[in-house]
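Shared between the two complexes below is chain A, which has chain B as its partner in the first and chain C in the second.
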Partner chain A sequence: MVSLVIISHSAKIAEGVKEMADQMTGGAVPIVSCGGFEGGLGTDEERIRAGIQAVYSPDGVLILLDLGSAVLTAESVLETLSDSEREKIAIADAPLLEGALFSSVEASIGSPLSKVKEVAEQAAFFRKLETGNS
Partner chain B sequence: MVVGSTELLHLLEKIADRIEENKEYLTELDLAIGDADHGLNMDRGFQAVKARFGGWSTQTPSQILKGVGSTLVSTVGGASGPLYGTAFLSMGQAIDGKERIASEDLLPLAEAAIAGIIKRGKASAGDKTMLDTILPVRDALSSLLYGGEADAGAAIAKAAREGMESTKPLLALKGRASFLKERSIGHIDPGAASACLIIEAAVDFLREHA
Partner chain C sequence: MEKVIVVRNPHGLHARPAAKFVRAASSVQEEVTIEKNGKTANAKSILGIMSLGVSRGDSVKLFVNAEEREDLMFRLEEILTAEDES
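The block that comes next holds the complex of A and B.
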């Protein structure tokens, strides 16, 4: 089963996203939250590295993140991994919360990493108002 | 100019001190168009670099620069960590195996730093980033090779400062500042400012000691 890594500048956001995704999947999908830096806002390379290792699975790992340094730090960590590990890990270009919810459900039904990533990225187009008049 | 490991550690100490002295200035710049953490983050990163000097004293300049890179990636906590971190890692790779850094290594070092920053940050000239300070420095180094500049250090420092100043009228296209759109105009980019401080500190050290 594909697992998820949630990265945010805020520990509360990362933990909250995990909490909602865990509820959607009944805890079936391994999800780790990697938020904040030294008690404040920021991105923590060591926490991200440890998070990826904690949920690493040969089925794949999907990283969902907020922005800026979260992206740059995740990419820096991936560069230091072996080629065989790195090819099992993908970063979703997706909204963090919606992407995590949709992709966690997709992961829970046993879909491959490419499909889980695609579903996360489609969350960018998810409409919340039926009329579209926002 | 010849810089061995001992001189390189002194140079890095000067950079760390310069960042520490300008912590509030960098944070003020970042308060205007970012998230107000650049001074704090850069200072935390370079103080962590200083704290690791003891373990680096027997290493080559290449190993030291790579050590600086990985320290910055793990201790800065903001986008400047991976950006400067990758720049230093790339500079370390550019002088792999050398015991000393000589004048002719400066241009390849600048090229390596730029390639690392572009790989990580995907920015271009004029995006209102640290590159707008560093690209003119690379150009200044490159024209120095063709000759006759009386004071190379002054030319490099001038290029850095003018590069930094050039970000003021620009519209930010990268990072948090880009969220502000037109309101990012009229402010110096914090990353361009920290890059200028680093280069000026390095130039000052090299003029005195190398």
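The block that comes next holds the complex of A and C.
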């Protein structure tokens, strides 16, 4: 099963995203939150590296992140991993919360990393107000 | 096989019930769809299900592309009609 790594500048946001995704999946998907830096806002390479290792699976790991330097930090962590590990890890170009919720459900049904990533990225186009009710 | 069901779940098919529905539908290989007001969604797609916007009181048609999937049909109906679903 693909696992998820949630990266945010805010530890509270990362924790909250994990909390909601855990509830969607009933805890079926390994999810780790990696938020904050030295007690404040920021992204922490060490925390992210430890998070990836904690949930690493040969089925794959999908990284979801918020903005800006979160991408740079995640990429520099990936550079330190072996080629075989890195090819099992993908970064989703997706909204953090919606991407995590939808992709966690996709991961819970055993979909491959490419599909889980695709669902996370499609979450950017999910309409909240114009659903089938319209 | 197909069945028309009136949704009784207080929250409709949103968030947790939607996730549960997708997991149940994904337990079989066959095609499973849900239709509301002429719009059909793949029951194995969380985005498809959430985009359909199924609420309490809606009438939906479940379709399972197999003749002997009563167990799955029952499970899906159970999710849609659970009065105490949070």
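Following the convention adopted for this analysis, the second predicted complex is superposed on the first by the 130 of 134 C-alpha atoms of A that agree within 3 Å, B and C clash if a C-alpha of one lies under 4 Å from a C-alpha of the other, contacts with A are read in each partner's own complex, and residues count from 1 in each chain.
The rule we apply is simple: a contact is a pair of C-beta atoms (placed from the backbone, for glycine too) under 8 Å apart; a residue touches a chain by one contact, two chains touch by 3 or more.
Model, not experiment: these values are computed from the prediction.
Asks: Could you tell me if A:24 is touching chain B, chain C, both of them or neither one (first, second, both, neither)?
Replies: A:24 contacts chain C only, not chain B.
Asks: On the superposed three-chain arrangement, identify whether chain B or chain C touches more chain A residues.
Replies: Residues of chain A touched, chain B against chain C: more for C.
Asks: A:16 in the overlay: touching chain B, chain C, both, or neither? Say first, second, both or neither.
Replies: Neither partner.
Asks: After superposition on the shared chain, which partner residues are touched by A:119: those of chain B (first), chain C (second), both, or neither?
Replies: Only chain C is touched by A:119; chain B is not.
Asks: If you stack the two complexes on chain A, which partner ends up touching A:73: first (chain B), second (chain C), both, or neither?
Replies: In the superposed model, A:73 contacts chain B only, not chain C.
Asks: Considering only touches as defined above, state whether A:41 meets chain B (first), chain C (second), both or neither.
Replies: In the superposition, A:41 touches chain B alone.
Asks: Overlap the chain B and chain C contact sets on chain A and report the shared residues.
Replies: On chain A, no residue contacts both chain B in one structure and chain C in the other.
Asks: So in the complex, the part of chain B that touches chain A is made up of which residues?
Replies: Residue list for chain B touching chain A: 35, 37, 41, 73-74, 77-83, 85-86, 120-121, 175-176.
Asks: So in the complex, the part of chain C that touches chain A is made up of which residues?
Replies: Within the complex, chain C touches chain A at residues 15-16, 18-20, 22-23, 26, 36-37, 39, 44-47, 50-55.
Asks: Hey, which residues of chain A end up touching chain B in the complex?
Replies: Residues 37-38, 41-46, 68-69, 72-73, 75-76 of chain A touch chain B in their complex.
Asks: If we count contacts the way the header does, which residues on chain A are in touch with chain C in the complex?
Replies: Interface residues on chain A, with respect to chain C: 23-26, 101-102, 105-106, 108-110, 119, 122-123, 126-127, 131-134.
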